[in-house]
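Have a look at these structures, which come just after this line.
Two complexes follow with chain A in common, the first pairing it with chain B and the second with chain C.
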Partner chain A sequence: MGLNIILLFKYVPNTNTVNVDPNTGTLVREGVPSVVNPHDLDAAELALELREKYGGKITAMIMAPPNAMKGIEFLMGMGVDEGVLITDRAYGGADTLATSYVLAAGIRTIEHYDLIITGQETLDSSTAHIGAQLASWLKLPYVYYVTEASLNDGTLIVKRQLESYTEKYRVKLPALITVLMHSHQPRPVTLENKLRAVIKKPIKMLTNNDLKLNIMCTGLRGSPTVVAKTEFIAKIPRKKEILKDKSPQETAAWLLSKLKEEGFLN
Partner chain B sequence: MAEIPNKFDVIVIGAGPAGSASAYYLATKGFKVLMLERGRSPGSKNVFGGRVYVAPLREIFSDFEKTAPIHRWVTRERMSFMYGNELVSLDYEGNDHKSFTTYLSQLVAWMALKAETAGVSIVNDITVTGLLKEGNKVIGIKSGNESVKADVVIDAEGVNRLVLESAGTVPPLKPSNVALGVKEVVKVNPEVLANEFGLGDGEGMAWSLMGDVTSGLPGGGFIYTNKDSVSIGLVMLLDNAISGANDEVYRYVERLKAHPKLNKYFKDSRIMEYSAHLIPEDVWSLRPPKLAYDGLLIAGDAAGFLLNLGYTYRGVDFAAYSGYLAGKAIEQAHELGGMSAINLAAYPKLLDQSFIMKNLKRFNGTNKLMHNRRLFTAYPAMMVSLMKRIYSLDYESQKIFNTVLASAKENGVGPFTLISDGIEVIRYL
Partner chain C sequence: MAFVKAKGGGIFKLSISGQCPDWIPVNPNEHKNVWVYIEIEKGHMHEASIQLLGKAKEVAGKVNSKLVAIMIGNNLGSLLNEPGMYGADEVIYVEGQEFETYYAIIYGEVMVQLAMKYKPEAFLIAGTMRGRELAPYIANHLRTGITADLTMIEVDEKTKEIILIRPPFGAWQLAHIRTLRRRPVMGSVRPNVFPLPAKDTNRKAKITQEKAGELYEPGLELLEREEIKESEEKPIEKAEVIVSGGKGLGSKEGFEIIKELAEQLHGTYAGSRKAVDMGWIQHDRQVGQTGKTVRPNLYVAVAISGAAQHVFGIREAKRIIAINSDPNAPIFDNADYGVVGDYRQIIPELIKLIDEAKNAKK
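And now, the complex of A and B:
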C-alpha cells in the first residue's frame, strides 16, 4: 500500500549563471546549464520523507523539452522511483495556464495517486500559479506553503507557514500541496540510486499522441499571457571606498559624512 | 525496492575519450560495463586545443566519419613565429582529410552515446573517490561511503589522478610534470572564416604560434577554426607559469587576441566558452610504475599518453586508442581466465606495438626542447628580424647568410649556440 506521490518539478536555467541581454532585457540562456528548480527539491525531500514513513512510490513528472530527462535522473538519484516526461513541440512556449492544462492531462494518465507535491514556485518565473491551477483542473483540495505533512486515519495533516502564524489542516486524499521554499534540506544524490535510474530507466515519455489535447489550448497558442514589455533595470554602480586603520570615532565620522554626501542623511 | 546489479564486468572511471572508447569496445564484445563520470555529462570536463587526428578513431568507430561531430577538416596548417608586432608564418595548404576540428564536448558526448547505445551504463555527476581493494587486487571503486564491484577497473580519470594518488599508485603531480592550457572559444562572423582565414566550406585551419606569445614564458599559442567559431589559447609549462607569469593567465589569451596582426581574426567576436586544463608535459615522469595491475588498467591522460611536438599536441586520439587497447587487453584476459596483472599484461604489449608508444619513444626528449628558452624567445625574434632584413629594405638587398648571423647576433645567439640548438631540434623533432 502506502502513498502514491506525484512530484511535479521544473527544469530551469541556473539563474546564478544567467546573464541578461542589455538590449532585449531577456535572459541569455545559451550555454547555461539547467538544474531542477531548487524550490522543487524541498518538495522532493518531503515526498521522500513521506515515502520512508508510509511506504509507496514517487513519480517525478515534468512537461519540458527532452533535456529535462537529466532532471528526472537527478531526482531519481535522490531516491525518486520513476519519472514521466511530457514532451511535444506543440507544448512549447506555454504560460502557466497552458502548462497546468497539459500537466493535468498527464496526471490523469496515472491510475492511482494519493498526493501531488510540488515546490512553492519556480526560480525563473516565480508565479506560483501551477499548484492552484492544477488543483482547479483536477478538483483537488489544495494547500500551499506547506512545511510538514503526515498521515492520520487515511487523511493528510499538513502545516502551513504564513508570515506570522502557522495553520494546520486536515485534508482528504487525493490532495495537492506546494512546499514552502527553504523548509527542507534536500538529501544528496547517491551512486546506488543513480545506478538504479540508469539501469532500469523507469522513465515514461508522453507526447500529444498519448494525451490527444487540443493544440489550440497548449503551448504558445494556448497561452493567454502576454509579456507586454520587459524593462532592464540598470546596475547601480558601486563607489567602493575603503577606510582603514582609523579609530572608531574617525571611522564613524567619515561614514556619516559620506552618507550625507550621497544624500542618505541630512 | 527493485534490485540493481552490484557487480559489473568492467568499471570505467571517467567518460572522456579514453574511458568512452574502452567502454564502447567492451560493450560491443558483450561485457557488462559501468562508466562513471564526475561531470554533468560525458565530455563536460574535457578540454583540448582544437584538432583531432582521425585515423585511430576510425579504427575504433567504423562509422566515425559518417556520424561524428566533425566541424572542419584541417586543410591549412600555419606556423607563426612572433616577435613584437611582427610575425613570420609558414603556410601549408593540403587536401588530405587527416585531422579535423570539433568541440571536444561534442565529440566525447558522441563517443559516450555510442558506448551507451552499445549497452554501457553511464552514471554522471558521481565522483569516484578511491579503488576498492582486496589485498593488492582491485575489485571495484569507492564513491564516498558507497562502492561498486567489478572484475576489472579501467582508470581513465584524466591528468589529475586523484583516484590513483589516493590508491598510492602514483605520487601527486608536480608542476614540472604538467603544462597549463588556457583557451577561449569565440563566436566569429562567418565572413571572417571565409575572408580572413581563407577557408572554404568544411575547410579548417590549425595554426600554432611561437615566440612572443606568452611574454617569454616557455610555451606557445594555438588557433583552430571550428564550424562557426574559433578556438584560441596558450600552453605554458606550469612551473614557469607559477614563477614567471606576472598576470592572470586568461589575460595572456586576451592580449593574444588583441595582437595587431591577429586582431582582425577576432573582430566582433564574442566569447562562448572559457576553459583551462592541465596537460601532461613530461610524459615519462608522469608514467605510472605499471599500466596493468591485478584488476586495474590505466589509460589516457592518467597514463601520460599525450604527444607534445611543440607545434602540435596529440592527446585525444592517443587517449581514445589507449582505451581501445585496454578494452582489447581485457577481452584477451577474459579468454585467459581472469583479470590478473599477468593476464592483463597484453595491455602494455599492445601499447608498445601501437603508434602511441612508438611516437612517445621517438619523441622522447621533446620536452627538454621546451625548456630551452631560446626556442621561445631568441629564435622567433631571429626569424622575424631575418625576414625584416631580407624584405624590409629601401635600396640595398642583403645576403641571406650574413643576415642570419647578423640577426642571430642581434638576438644574443652566438654561432655555436645556433649550431648546438639546431642539432638539438633536429635530434628531438
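And now, the complex of A and C:
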C-alpha cells in the first residue's frame, strides 16, 4: 500500500555559526545562513526509513518566506520526493496558533496522507507546539518524542521516550508523530538526489489565493500572543574569585581549600 | 509567538481590532481564577506540578483570584487532599476507569470541557515532556495563545494582566508575552525554576467533582510502558553536585575525568549543548536554555565558555566553580570561584588532593 508521509520542517538561522553580541547578549543574525532545523533532520531520517521499508511518498511542507525553497531542496537531496512551500504576506508574524492554522489548511490540500511527521522542536523558538496544534486542527491521534516506528496490520506501532519511561503505542492512521531530537542519524545529501530535485522541481507553492483563509485568522492578526517587550536577565551576583598564572598543583590546592570552606567535602 | 518591536521597552499596544470569526467568542472580563493541572506520576503529584502550585499561588494572590488545581485519573482518593496542602483553594477533579491510562487527547479534551464551563483566567501546566505534549493541544482547542517553557510569571500592576515570560532567541533577554483578546492565558512552565512550596498538612481546599462529557476515541492504545533503568547515573535535576563538561574537553574521553571528579564529590555529570552535539553525552544531561535548569549546591563548569544560553540553566546553582584555559571566557563572570588553566592538568591534581583529604579524615 505504501505510506504517504507529510514531513513538516522549519528553516532556521544556523545557530552553530551565530555569534552572540557581547554587548547586547543577542544573536548576531545578519548574514547568517539558514539551515533546515537540525531536529527536523531526525524526523526526515525516520520518514525516509519508513518509505524504504513500506514504499510510498514523502512531501516536505513549510510555511515560510520564499527563501525556504532552499530547505526543501536540501531535504530532497536527502531523498524526500516532493515539497510544498506555503508563503504569503498575510501569514507573516504568526504565533504558533496562527502558524498551525495555515499548515493545517496546507495539509488539507493533499488528497491522501497517512502520517504527518514533525521534529520535536525548532532551534529558534523551541516551543514544540506545532505538532499538538496540528493534531487538534486535523483531529488526529498524536504521539510526541517518537524514537521508532513501524507498520503492523495497517496501524502504526511507535516507541517513544519520556524522562523516565519508554512507551509503545498502537496508533490508528492517519496520525501525527513528532520525533525525539538526537534519536536518528540523518543521512547525507547525495548528488543524485540533488540533481533530481533541481531537474524535476516537484515543488508546489501555495499562497492565500489557493488556501483562501480569512486573514483575520492568519499571521499577526490571527495570533493571540505577542511579545510585549524584551528585558535583560538580571545577573546573579557571584563571588568571582579568580585564580590565574599558578601551577596546576597550586591551583588544585586552592580549589580544595574552597571546597572545604564551602563544606563540599563532607 | 508574534515578535513585535516594543517601543521604548514599554508595554506594546497592538492596533488590531476584532478577531478571527472562527474562534469561540471570549470576554476576557468573564474569566476568573488561576488553574494548574496536576500531573500524577507513580501515584504522586509530580514535583514539577508542586513547584508550579507554589508560583501560581503567588500569581493568584496578585490578581485577587483563587488557585484551582485540576486532577484527572482513576481512584484519586487521598491525592485529592494534596493540592490544598500546597496552596490550592479548590480542586476540580474528574475520575473514572476511562482515565486509568493517560492519553493526552482524552485528558486534554476533559480539560477543554472544564475550561469552557468554568472560564479560567490562566491555565498553567508543568512543562514535563508529557505537559509539553498536552498543553498546546488544549490551547488550540480553546483557540487561545500559549507560551512554551516559561520561566517567570508577572502581573502588570495597573492592569492586573498576567504576563508570561520566557527566554527568546538570545538568552540574556527575556520575552514578556501577552495574550490579547483571548482567555485563558496558557503556558507550559519549565520544571525546576521555582522552588517547592512549603507543605501545610492542615490546609484544605474545596473539592469538587465534575463529569466529563462526550470524549473522542483516542485513536491510540498504550501497549507497553517500561521504566528506564535508573543506572547509577543520577538525573541531573536531582543532583546536589554537578560536574559539567564542554567542547573544550576535546573528546569524549574527556568525560571520564569529569565523571571521576563528580564521583569524588558525590555528584553527577552533565554538559553543554556542544558536548551533546558532539555526541559525547546524552541530551538529557544538557544544561541550559534548550536543556535543563538545574539547582545544585555546587556546579563545576569545566571547559565551558559560559554562553548566555548555558548560564541560563545554572542561575539557581548556589555555588559555581569554573575551570577554563581562557582567562577571558565569560564563564568567569558567572562563577564564584574560577581557575584559569588546562583541565587536563588541574583535575587529576584536584582528584588526588580530595582523595588524600578523605583518607586523612579516616
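Here is the rule we go by: the second predicted complex is superposed on the first by the 226 of 266 C-alpha atoms of A that agree within 3 Å, B and C clash if a C-alpha of one lies under 4 Å from a C-alpha of the other, contacts with A are read in each partner's own complex, and residues count from 1 in each chain.
In the analysis below, a residue touches a chain if its C-beta (ideal position, glycine included) is under 8 Å from a C-beta of that chain, and two chains touch if they have at least 3 such contacts.
All figures in this text were calculated on a predicted structure; none of them were measured in a lab.
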First (chain B), second (chain C), both or neither touched by A:220: second
Contacts of A:136 with chain B and chain C, given as first, second, both or neither: second
First, second, both or neither for A:9, with chain B first and chain C second: neither
Which of chain B and chain C A:256 touches, first, second, both or neither: second
Which of chain B and chain C A:199 touches, first, second, both or neither: first
Broader residue contact with chain A after superposition on the shared chain, chain B or chain C: C
Partner chain in contact with A:189 - chain B first, chain C second, else both or neither: first
Touched partner set for A:33, first chain B, second chain C, both or neither: first
In the complex with chain B, residue positions of chain A that touch it: 31, 33, 70, 73-74, 77, 81, 189-192, 194-196, 198-200
Chain B to chain A touching residues, read off their complex: 1-2, 4-5, 34, 36, 40-41, 121-126, 143-144, 146, 148, 272-273
Complex interface listing, chain C residues touching chain A: 1-4, 6, 9-12, 14, 16, 18-23, 104-105, 128-130, 132-137, 139-141, 143-149, 163, 167-182, 216, 218-228, 230, 235, 241, 265, 276-277, 282-284, 289-290, 297-298, 307-308, 312, 315, 319-321, 327, 330, 332-342, 345-347, 349-350, 352-354, 357-358
In the complex with chain C, residue positions of chain A that touch it: 16, 20-22, 24-27, 93-98, 100, 123-133, 135-137, 139-145, 157, 161-172, 175, 181-182, 214, 216-217, 220-233, 235-236, 238-246, 248-249, 251-256, 258-260, 262, 264-265
